[in-house]
Amino acid sequence: MDLKQIEEILRSVKSGEKNIEDGVRILADLPYKDLGYATIDNHREIRNGYPEVIYCEGKTVDQVKGITEYMLTKNENILATRATDEMFEAIKSLAPDAEYNRLGKVITIKRKEQKISESYIAIVCAGTSDLPVVEEAYETAKMLGNKVEKIADVGVAGLHRLVSKIEIIRGAKVIVVVAGMEGALASVIGGLVDKPVIAVPTSVGYGANFGGLAALLAMLNSCASGISVVNIDNGFGAAYNASIINKL
Amino acid sequence: MDLKQIEEILRSVKSGEKNIEDGVRILADLPYKDLGYATIDNHREIRNGYPEVIYCEGKTVDQVKGITEYMLTKNENILATRATDEMFEAIKSLAPDAEYNRLGKVITIKRKEQKISESYIAIVCAGTSDLPVVEEAYETAKMLGNKVEKIADVGVAGLHRLVSKIEIIRGAKVIVVVAGMEGALASVIGGLVDKPVIAVPTSVGYGANFGGLAALLAMLNSCASGISVVNIDNGFGAAYNASIINKL
Amino acid sequence: MDLKQIEEILRSVKSGEKNIEDGVRILADLPYKDLGYATIDNHREIRNGYPEVIYCEGKTVDQVKGITEYMLTKNENILATRATDEMFEAIKSLAPDAEYNRLGKVITIKRKEQKISESYIAIVCAGTSDLPVVEEAYETAKMLGNKVEKIADVGVAGLHRLVSKIEIIRGAKVIVVVAGMEGALASVIGGLVDKPVIAVPTSVGYGANFGGLAALLAMLNSCASGISVVNIDNGFGAAYNASIINKL
Amino acid sequence: MDLKQIEEILRSVKSGEKNIEDGVRILADLPYKDLGYATIDNHREIRNGYPEVIYCEGKTVDQVKGITEYMLTKNENILATRATDEMFEAIKSLAPDAEYNRLGKVITIKRKEQKISESYIAIVCAGTSDLPVVEEAYETAKMLGNKVEKIADVGVAGLHRLVSKIEIIRGAKVIVVVAGMEGALASVIGGLVDKPVIAVPTSVGYGANFGGLAALLAMLNSCASGISVVNIDNGFGAAYNASIINKL
Amino acid sequence: MDLKQIEEILRSVKSGEKNIEDGVRILADLPYKDLGYATIDNHREIRNGYPEVIYCEGKTVDQVKGITEYMLTKNENILATRATDEMFEAIKSLAPDAEYNRLGKVITIKRKEQKISESYIAIVCAGTSDLPVVEEAYETAKMLGNKVEKIADVGVAGLHRLVSKIEIIRGAKVIVVVAGMEGALASVIGGLVDKPVIAVPTSVGYGANFGGLAALLAMLNSCASGISVVNIDNGFGAAYNASIINKL
Amino acid sequence: MDLKQIEEILRSVKSGEKNIEDGVRILADLPYKDLGYATIDNHREIRNGYPEVIYCEGKTVDQVKGITEYMLTKNENILATRATDEMFEAIKSLAPDAEYNRLGKVITIKRKEQKISESYIAIVCAGTSDLPVVEEAYETAKMLGNKVEKIADVGVAGLHRLVSKIEIIRGAKVIVVVAGMEGALASVIGGLVDKPVIAVPTSVGYGANFGGLAALLAMLNSCASGISVVNIDNGFGAAYNASIINKL
Amino acid sequence: MDLKQIEEILRSVKSGEKNIEDGVRILADLPYKDLGYATIDNHREIRNGYPEVIYCEGKTVDQVKGITEYMLTKNENILATRATDEMFEAIKSLAPDAEYNRLGKVITIKRKEQKISESYIAIVCAGTSDLPVVEEAYETAKMLGNKVEKIADVGVAGLHRLVSKIEIIRGAKVIVVVAGMEGALASVIGGLVDKPVIAVPTSVGYGANFGGLAALLAMLNSCASGISVVNIDNGFGAAYNASIINKL
Amino acid sequence: MDLKQIEEILRSVKSGEKNIEDGVRILADLPYKDLGYATIDNHREIRNGYPEVIYCEGKTVDQVKGITEYMLTKNENILATRATDEMFEAIKSLAPDAEYNRLGKVITIKRKEQKISESYIAIVCAGTSDLPVVEEAYETAKMLGNKVEKIADVGVAGLHRLVSKIEIIRGAKVIVVVAGMEGALASVIGGLVDKPVIAVPTSVGYGANFGGLAALLAMLNSCASGISVVNIDNGFGAAYNASIINKL
């Protein structure tokens, strides 16, 4: 809270430079700014080309359609994650230019040009079953204005495949590692690079995998430094996080 | 793997510039380089002023003393985490300039000057019981050459305290949030900033806290974007991660 | 156990005012009264306008219909929770005035006027996905004769929204906080009010949420005082509890 | 945020009624008030006779002594929970009138008279091993200005003992039920009363008790309405919560 | 292993009383007898009127039909648990006298008269949702030749209902208590009787019930003596166990 | 509730045989009797020779001594479980005839002769590390007036040892099986006998044993019929249960 | 890494026997060989008759069809696990000689003759519900060139059945034990043989089985030596492991 | 069961070749042989040089001393695991040639020469904190007559160290991989070799490691084939298993 700013407003009201109505309006905003209103705006709306985000899981098709309709009036880019075929049909009726990444369950609508980062995010995954999470991360990272490289199917049971891709992984500014089963890929990559690694455990597996718990615990306990972890299957969160870092 | 490098060696062997023995020696090393040897060196030794790290938990006093003795011969900075009083006594007998942060259980020995970053890492914690983890993170971040700001005791049950410190938190390039009990601080800060947040759940609490599980799950499930998580009480890992990001 | 009451009966039997058969009948009921029969009656039937409650989960449409039919003969208000569309159709055929809150899966039949409390219960929730639990709590609280204020979508990732509603929350006599994911809203509100807070974790979330476990543990470990917790998704229980407090 | 209030201040500054410094001071406080500063003060300091609270677990004797020393300068009542014998010795050297409930591990210092509530809180427990939690709750409730009735050792395996105490339990305005092992007492009492019941699972038990988890789950799943739950062994939290309700 | 028996055989072979072939046949059976072959026969086939048992879960309709067809050739009573409607149709085509308890998912075929015990098993349950498990236990106990008394809907939230049935419960030789949610009924009954109580936790409940875990843990931790526990929803096992005890 | 009893009292009051005060006194006791007072007495005190039981865990030496002192005045047999050496010293100073089973941590004082059952309880265990639980069960069963046979160290990894003892196991009226690690002994014995088996998982083991959870789950899921389970390490409960069955 | 091999290449380049391009190509492959490329080849392709493996779970019918189409071009044997009926239809349209083990959900295509081992793998299971896992293991072991013996339905509740098959089990070089529920079969067999036992817990069971966790923990805690464990329901993994051992 | 063997005995008894007493003695042993007595003997005693094993955890010093004393009379080699310093002192007083591996907590006494295998077991570990488990496995494998190679500190965070040791690992007949934290080493080695891998999770780690659960789950879910798992910290079991395989 900037006391000088308040003082200045009071001075300009006293001097008649500002009228009282303007003073009220400005001062009424202060607590919101202090509390982070602008920040949240920054997060979601103010920065050029940042998309509106809809998390579709647990919402009805009508709810998703309604939210999209409203957002389209603002002429912003839109990113809808965990979207079903039905939701895509509904959105397409509103925005014929909407695109659907079926594997990643992501709908994107581009209405504004974005400046794409020069540095890139590498999204690496262990097996083909992890691809849905990879695609969610990929579409998210792209819509947030990042250059992205996908490196798929480099699980630790075939180290030579990983080694043949290691230079492109090392070239990234931040690395997203997506892996289910035992999640060992995060540790192996963490030992080969000196960039921040964001690990995404996936629910790929069965039995003692317990819905991704095995990979989650493995990643949290990684013996390699420089690794942090997001929720199971949270491709969006990993990409969002990577995007913040990539744009620092 | 650099094909040109191999070609060159072959040429110089063919031309007699290099003898065969030298060619064998150089080529025999190639896979190691490809596998990240240099990288790991970069991680731990090559960069100017980066410390040697000893994780003392589960080691005897004698083992820690022995490792330190060897490291001192390399004249590098040394960072020993989870160190006991007895270990400090043993190390001090080797290096009288060793310092001990008792709360954080961290021993530091400085033998080389480091360049300190201009941007800073903010380390924020919820309660006074989280301070040991804060101190581990603080000492680690400092030894890795970062400017650091500590903001303690800004738990969500007293939001006004957090708000009064929000500007210094927002000014950081990356934020480490340390919180036990229900770990809500990570979500609240995540909603107020647009910087990467590394959340460290602590084992502070009792009963249904289950040794930090409550905070860990809360942080993994945060409704705020831009948060990633490290292991319970892993102040070192959070700081290491933050340091990589701060130096990008 | 009221000794005077027993004494009086014995006296009136001795005097011949009551015959022995009546004495036996009355005395035979005593233990039941002592054991809480009246209390349970008070809970469910005796107080003016208190509804009969049917918990529909795990019951067949026929069972729910049968129970409703019987209850309608008593001319009481009826509240059926966790009710499906089919159950609503069946009940409507019996009671055309039945109403269905589809989101909250609650059927209500009003046959008696209730006195509405002057003080109100605030039901606050973090995200739109928590609304089904909010609606269950809302309909329950209303049918139990409470004035209710709903405040939706004030999750901690956007504190300014919460702050703009804080006065209406503080005005309540008791507050129900409904939140899934990391459940941090309970702690934040608990730190801003001095009223009893009943926290309802919801099963909203995925991965390491473990069906609401993350929010449940977070709420049980809240660093804010004055918070107690009910079962995951238990909107009915929270509202019932809040109603008892609101009417003290 | 009251726009009229801001307008008035601006008018009085413009008119010269208030000088600019006073205007700055008043306006600078606004956001804090909105954020609950006064509320938190109310919680802890402003209400007459409310004690300062120190949670001693995880603090050193010196830290507890230091905090107490500072608090004594404010001449408030002090309540220290989870305090050891050593902490009591340290505090007694500062305040010879300090008292120690060794079973409940609670230290109390009374420097101000409190108004005691007319309605009472009943604290009921199942077995003698639950008494430490009962005592923590008891001392807390008393220090917060409540009349309290303790009813011990009325576990469900001997219902007749519970029945003989049921009237005193029913007479309370709010009931705290403390039980370990299978925690059934909360359900049984919940079925016999129409007052809010705050259930405290305790860690009493062994084997498949898992440190209180059995009782915690039982209480969260109670078939009786009107029950809410706090953390395992959290006598303080239950009493704090009960106190808020008792004073409504 | 009876040495005398072997000695006798050897003697009678030596004396020519038995020929060598008979000696071989008898001796070859010895280990099987020692290992419990007869016992298992006793368990399942030898005792008069004991039924053949088919556990249908995880079997196909054809498999169940095939097993039944074979069993019918032995002219024994048959008990099929966890049976679906389709399985009943298939069995009925083989045995028109088959009966189906749809709620309990149990098919019974009676081909032999059983002697019914004079003492009885009491099967008590907390709520109507527990009835499927009660019915599985009821049909099992009946088919094993026991007199059975069912006492339904006497949950601990309405103790007066339980008390009104206590004499019939006390009259049993062994008591099966079926309860979901918090499973407190086992403890309450365990405190009121001096007969063996077999507790069956059910999966009735939601949220922190975790599929019956809450009731299971509660029953294992019961403060009342004389209670033992079977698997969640295991009505068959409880009845089988009770039958062994009832027939001692 | 005996209506005839009430009628008789009313008659004798009416006739003047009893005065009103006596009538009140007698009637006031009725509900207690109905609620099981006599039963609980039966459980603990009324039956000839049944011991008083003290569960020492979580009690101080002084508390145990005090309880014992009081119980000795009643001249009953006393059984104290989970007792330490210190407790034994304290009790011995009161009752020089007290005996201590150090392995089972059980103290016994015999002041009354008991009639010993003719049928016996077999207590079987898998390994020598399970002996403390066996001894707790053994002393309990003996003090409750049962003939007992102990069969130790017959784990399933050496089936021949078990087979050599199978006849003595089969001769019992009820069998207590004590096993840690994977708890397979309960299933194997359950398949070899037709008597009720009470399984006691022990906390013997390490790693993925999780304090007895492995054995507990195994026993609850036993493929053999006729097995019920008590809490981990609960030798007392198993013996108490077995005693009720043995005396049917 | 074979230094001689490098030396030879250098010599032949120097001498002009090999030109530089060939030298580069050969040397560029070295690290891959070092890193296990050949090994993995060995695992999957190089050894005579070893099949290509497709893990179908989580793949679409089209994906499985595509992968199979590609593999068929290599004229290798193919093993597809966790395959649905639809997948079999799709594959059959490509390879009319494909066979489907519906119970085990395994598709096999034989295009090359395999040498079958002389020693055999015994696959033993406890109950008929474990057969799907047995069949997956059986088909896998056969396709990997092993002689296999299946021994079904020898659960520990009927030891005599197991004993009658023990010689065929003992004759194997390695034993796969498949068991759900309490998984005791692994321990019992482990005590009867001196061959390596690979235990496969299955998800057969309900309630406190927790999807195979009970059997998994039991097997990990087995009191018999010589047992190792694979994931729940992992018939493929057990057979693969057994095959490696059988071919040593 | 060999019928011919029985026939022969009967014949020789009949003919007088054997007397009846001898016949009884031989026949009495038959069931034991059938049940695996010989096998277990083979396991523990019969094979030349196989040691007697004492698992010391949970035993008193006196018990361990007593068992050792008895075993020494048989003049066999002895292996005592999880032994303390005190136990070593006690054993040394009996057998001055006893040796103690303090790190692995293993005592060995060699009284018979063993034939050492030509093929070797490789025991590989990730970090120095895993060494106690490595040493337990090492001593066990040696005492069972195996040639052993230890490869320490080749965790996946430094792949180049692992690669430099890969040939010695590949040369083994069976590989034991010991790893705590995230246990990724098992997967990486499993992908690089074609030998059976026995994975031992260790309890090394903290926080979300949950006492070795993270590594255990990771290893069970390994994406590499050919891996089986033993209990957390079970170095003995892994070595025992490896020894059986090594000697096939």
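The first chain written gets the first letter, and so on, giving A, B, C, D, E, F, G and H; residue counts start at 1 in each chain.
One rule holds in what follows: a contact is a pair of C-beta atoms (placed from the backbone, for glycine too) under 8 Å apart; a residue touches a chain by one contact, two chains touch by 3 or more.
None of the values given here were measured: they were computed from a predicted structure.
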Quiz item: When you check each chain against chain B and chain G, which touch both of them?
Solution: A, H
Practice problem: With over half of the numbers shared counting as same, classify the chain D/chain E interface as same or different. | Solution: same
Exercise. Return the distance between the CA-based centres of chain A and chain E, expressed in whole Å.
Key: 55
Quiz item: Measuring from the mean C-alpha position of chain F to the mean C-alpha position of chain H, what distance in angstrom results?
Solution: 39
Quiz item: Using CA atom averages as chain centres, what separation in Å is found between chain E and chain F?
Solution: 24
Self-check item: Of all residues in chain D, the ones touching two or more other chains
Solution: 1, 31, 34-36, 40, 157-159, 163, 191-192, 207-209, 213, 216, 220-221, 225, 231-232
Practice problem: Let me know each pair of chains that touch one another. | Solution: A-B, A-C, A-D, A-G, A-H, B-C, B-D, B-G, B-H, C-D, C-E, C-F, D-E, D-F, E-F, E-G, E-H, F-G, F-H, G-H
Self-check item: Touching residues (chain side chain D, partner chain B) in the complex
Solution: 31-32, 35-37, 40, 57-59, 63, 201, 203, 211-213, 216, 231-234
Quiz item: In their complex, what parts of chain C are in touch with chain B?
Solution: 126-127, 155-159, 181-184, 187-188, 190-192, 205, 207-210, 213-215, 217-225
Self-check item: chain B contact footprint on chain G (complex, rising order)
Solution: 1, 3, 6-7, 10-11, 13-14, 16, 20, 23-24, 27-28, 30-31, 34-35
Quiz prompt | Residues of chain G touching chain H in the complex | solution = 1, 34-36, 39-40, 42-43, 163, 166, 170, 173-174, 191-196, 198, 216, 220-221, 225-232, 236-238, 240-241, 244-245, 248
Quiz item: Which chain A residues qualify as touching chain G in the complex?
Solution: 128-129, 157-160, 163-164, 204, 206-209
